[in-house]
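The following pair of complexes shares a single chain, subunit A, combined with subunit B in the former and subunit C in the latter.
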Partner chain A sequence: MTTTTPPLDAAVASPVKTRRGRTSGEIAKKQLSSPWASLAAVVLAALWTLPTFGLLVTSFRPEADIKKSGWWTFFTNPTFSLENYQKVLGGSGSDNLAPYFVNSLVITIPAVLAPILIASLAAYAFAWMDFRGKNFLFVTVFALQVVPIQVTLIPLLSLYVNLGIAGTYWAVWLSHTMFALPLAVFLLHNFMREIPGELIEAARMDGAGHVTIFFKLMLPMLTPALAAFGIYQFLWVWNDLLVALTFAGSSKAVAPMTVALFNLTGTRGSAWQLLSSGAFVSIIVPVLVFVFLQRYFVRGLLAGSVKG
Partner chain B sequence: MHLAVTNLSDSGKLLLMVEGLLAFAVVIALILGIATLVERRGGRRVAWLFVLPTLFLLLVGLIYPTLKTIQRSLYDAGGQQFIGVDNYLSIFASSEQLVVLRNTFLWVVVTPFVATAVGLVYAILVDGARGEAFAKSLIFLPMAISFVGASIIWKFVYEYRQASAPQIGLLNQVLVWFGQEPQQFLIKSPMNTFFLIVVMIWIQAGFAMTILSASIKAIPSEITEAARLDGVSAMQMFRFVTLPSIRPSVVVVLTTIAIGCLKVFDIIRTMTGGSFDTSVVANEFYSQSFSAGNPGLGAALAVLLFVLVIPIVIYNIRQMRASEGQ
Partner chain C sequence: MGITTTRRIKVASAAAAGLALVLTGCSSGGSSGSSSASSSADCSAYSQYGDLSGKTVTVYAGIVAPEDAAYIESFKPFEQCTGAKVDYTADKNFETQILVQAQSGNAPDLAIVPQPGLLKQLVATKAAKAAPAAVAANVDKWWGADWKSYGTVDGTFYAAPSGASVKSLVWYNPQKFKEAGYTVPTTLDEMAALTKKIADSGQVPWCAGISSGEATGWPITDWMEDFMLRIGGPKVYDQWVNHDIAFNSAVPTEALDGVGAYLKNPAYVNAGFGGVESIATTTFQDAGLGIPTGDCSMMRMASFYSSNFPTDGSVTVSKDGNAFAFYLPGQKADDHPVLGGGEFYLAFADRPEVQAFQTFLSTDTWANLKAKASSSITKGGWITANKGLDIANLVNPIDQLSAGILQDPNTVFRFDGSDMMPAAVGSDSFWKQSTNWITGQSTKDTLDKIEASWPKS
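Presenting the complex of A and B:
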């Protein structure tokens, strides 16, 4: 239990070929008469891309055209419009999703930063300090990863109602922070254990306290790990529906994009001009993170895939 | 602090966020300040201050609510009358709930195997090919999209119009091109559950591909070269070299996706709301707790989810350790 780093992490961090020579997959494929293999790959890639592509094309078509013809007719009869995006980003009344986009940001940023800092503190104590009951507590924190958040929702909601913070950002921030901790402590602990003990010993010899070591030594050395977990948590919070639906409600004041889109599918399920453009406004943020921070992104996503 | 938010401007919201972050920073600074003082005085309790915020939040946010939910599951809808395990019995007795269990079973069994198979095949197909990174990112991209976003994307694929009207959903258009009648994919049970499962497969195949691809590339080339010199065929290479070498990763991928499927909520909520016999345990929990007015049954469903997740998680963790030991 002490030094298990998820194996995925090491495996993914080095997608380079092992030494020289071909991998077994390459050999298997080479012998699979290559044209067929390529064709199969292209077909799969097309199947996986077309649904998203179709909705993307739709989001740029005029409302009238969306309703009377399929998106594939765009290529024989191109009609282009930015009106859908203008509506969801600044339109009047219920078409305007911009407030929900702001809510997503306001929810996500603290809900990523808070668990990272709180968990790193605990992870540091579990990795490099001695105290009674340490092993028991660490195992407990680790084991709490199995708790599905559904089990906690209703009692937490009553608690928030009693505290008077139900339906505010506070309820959402706190919940995401709490739910993130078991995984965050576990992962960051594993990363911290990989830092050579001599470094910490040397700093202790120089008279540095734990608080100093934590901020001056640990956090800077752990930046890649913090980034990986941060991106994982960012995605989780940005894409979450259940927590937001339960604790933020549907009001324009607090609810994030996911809740707004969810409500839109319920109340105006055939308003594809809004659904398509709204979905892409929401999707573009994680996709940009994915494109620019792919390495951390994959590491974080894989390292945390057991959570939920 | 403005706890009761009603209608705020964007700048007002950002201000709230800054307030929240400041409040958080103050609490942490306070704890660390005390820790520094304790340490200067040679106190040995400083570690407790480091773990205090985590332990407090876990106690309030996970442990207490879980116990409370277990207790609640033993009471009736109103929460006044103790009814023992009746809520649990009704999950296994009422025909509606049995459909929920059947669907959950389908999700947990079908999704992991199909998603893993697709991911594995694709990983092998593009392994070492030109443009491998780009080809992989196409399959991986759905993982970045929210379940709600993915549901909207697929709802549009399944969109139905009467046969007389032009179709706007791709799948029905394909049917029409082949001379078939358009279908209401999300309404006809039990096939509609499979059409929902497709969405999860679409999302999870990228996860499977990424892990398995890394695992394939980690197979030592000596082994594969030796097998090649022995003149094995492609299928033999896969069957006797690749698959045994990546077995632990395959198990991790299967179990991880299975856990995700047990908890699947967003896709069903967004695409059908659980209607037309598509509900699963996690969705039924939400319906019973928040709209059907039976939080007792909802609590029992949540506990059932918990109980179902535990063995898979334990198995998953064991396999992770085993694969690491290799």
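Presenting the complex of A and C:
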């Protein structure tokens, strides 16, 4: 991870040589890889992972044991059962998470792609096009970030009811897109501003219009920022309960995993032995997304946040 | 790289648009025909509702799996005989969601409302519809006047009762009681004597747990309500709930001290968990698990607790099994005050099919259908105060006991007071101050603080 430096950063940050002839990067590398730092990192990682590990162990224990003793007793008194997963993945009743899993995917994919598409176009306009009231509009968009979701719930739902789309996927897609746009526009705008103006000008001299510049020049360079924001938005939408529950409701046709997980414990919270296995079914997709895209995530987090 | 990325994004956006089209196609359909469970059922009782083919009634509730299956099953005869479709959805966030939905005009046709307090709030949104005359007539016929009054707001009758629960129960272990020669108490004094006897034998008699997420403290409010009903009687109880007497007046003080004589006595609690403080950190679900094992002798908890015992066969809930409940006795053996709860069907639409379904739900026919469905699907766990309920349709001994208590003509039923008080008290300060009380705050401070939190209006 430390060896792959994004091309853009390399271009912007010129290595500063110290008196002893070492770059600041080398010093940082040496300091960060000291055994003490490694130890601290390992301890932190272990502490961080321990609860999740406990959850994993719990999910394989029989119901009576889960309710009677802590997961650590597994090591002195190992009992193993797949019953929790059978119920959650193949159960006959509403315990079965499979249909909700599909709903979650159906909600999440458009709700991630739509804001990225709109925001990157908007960010391009804000960054490289001149029109009247541009700064005012940009500040307005950015200021919209401070509006809390909660105050918008009832007015938005009334609108959706009038449009006749309450309780459908459309309401959820639209809401997630709306809530994501301010931050997305801001992040991508800052990232695009960092691209040297000479590049754009050179492209213009060659006769490229805005469309060509956007698709042939900007998008390839934006990949890390887009991926980072995509992961961010994916995790947010996948784990969202409030927006989906309010706008789509809890019917089996549209409700995502989070709603099903929330209901899994039963009306009076007595069936919580299913929670650990349900949680793992729900975690698996974000973990996969994160593992496969994490190099973009670390790289892209810095995108747009630090000005060179 | 440039070209391939461009192409990739084009493909992605095209796919997104395509996906959107496909999915909207899916979301509107997806209704499955009801399976023929009892297709040859006798439909003559349903002719009064007329032909409702092609009509749909939506029902929204906070009752989720596995209890929801029994509701859906009990609606089937109505669906088969009238042709209407009942669409049941539920989630545990019902109590906040239904308010949002009512305010934004997205309410379901029918909601199963678990508290009279919430019912009042929903009626105040002006989205609710008063119950039709046929429902009112059914409720007059099958329920007591007290039940009808819980579904009435400002003189207008809105909601017919659905299920009920009995909270004045004490869980115990009949086998252990028999071995030790204890008998089930029939007065409060006998219960105090039994408690002392068990404590003297070296056992900690009571177990309790009040931890329940943001609702932590509610089991104590139930304890106090039960003692209010017994010490003050139903009349004073009603005054207390309506705030006609102060929360920190004499009778409530006596009632909470009465609870403290059990729950704050280190010799009497908390079997299997520790001292008095451990009550605050033990979840109510876990508190009574020591009853079948014999670690704990008694726990005051509502009838629904039976669903908390492990289902691996180690627990038998019955009169001579290792877990059962007795009625929390009154001052005298003839006194039969009962604290309980229940759900109500509130309508947000007055279309003919909704009113027909509402009427069906208020009959004894549905009560028995639901009881049978619950018996076969969740092994019971559902009762109603509908006098037409045939106890033979219940399989769970606890349900039989509870339904018997509700149908007993001597019983004086009162709804759980914290569900009727304003939310600032009933689901806030009453819970929180009760929790403080169990961790050491004095009775006087506790009641003073709850009194101070009562909304002024």
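Here is the rule we go by: the second predicted complex is superposed on the first by the 232 of 308 C-alpha atoms of A that agree within 3 Å, B and C clash if a C-alpha of one lies under 4 Å from a C-alpha of the other, contacts with A are read in each partner's own complex, and residues count from 1 in each chain.
We adopt the following convention: a residue touches a chain if its C-beta (ideal position, glycine included) is under 8 Å from a C-beta of that chain, and two chains touch if they have at least 3 such contacts.
What you see is a predicted model; the values in this text were computed from it and never measured.
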Subunit B versus subunit C as contact partner of A:Tyr169, first or second or both or neither: both
Subunit B versus subunit C, judged by how many residues of subunit A each one touches: B
Touching partner for A:Thr79 - first (subunit B), second (subunit C), both, neither: neither
First, second, both or neither for A:Asn135, with subunit B first and subunit C second: neither
First (subunit B), second (subunit C), both or neither touched by A:Ala119: first
First, second, both or neither for A:Val287, with subunit B first and subunit C second: first
First, second, both or neither for A:Lys216, with subunit B first and subunit C second: second
Subunit B versus subunit C as contact partner of A:Ile154, first or second or both or neither: both
First (subunit B), second (subunit C), both or neither touched by A:Lys68: both
Shared subunit A contacts, counted only where both subunit B and subunit C touch the same residue: 67-68, 106, 109-110, 113-114, 117, 153-155, 167-170, 173, 241, 246, 252-254, 262, 265-266, 269, 272
Interfacial residue positions of subunit C with respect to subunit A in the complex: 1-3, 5-6, 9, 12-13, 16, 19-20, 23-24, 27-28, 30, 60, 62-69, 87, 89-93, 97, 100-101, 103-106, 212-213, 285-286, 289, 304, 307-308, 310-312, 314
Footprint of subunit C on subunit A - complex, ascending: 62-64, 67-68, 93-95, 106, 109-110, 113-114, 117, 153-155, 157-158, 160-162, 166-170, 173, 215-217, 219-220, 223, 241, 245-246, 249-255, 259, 262-272
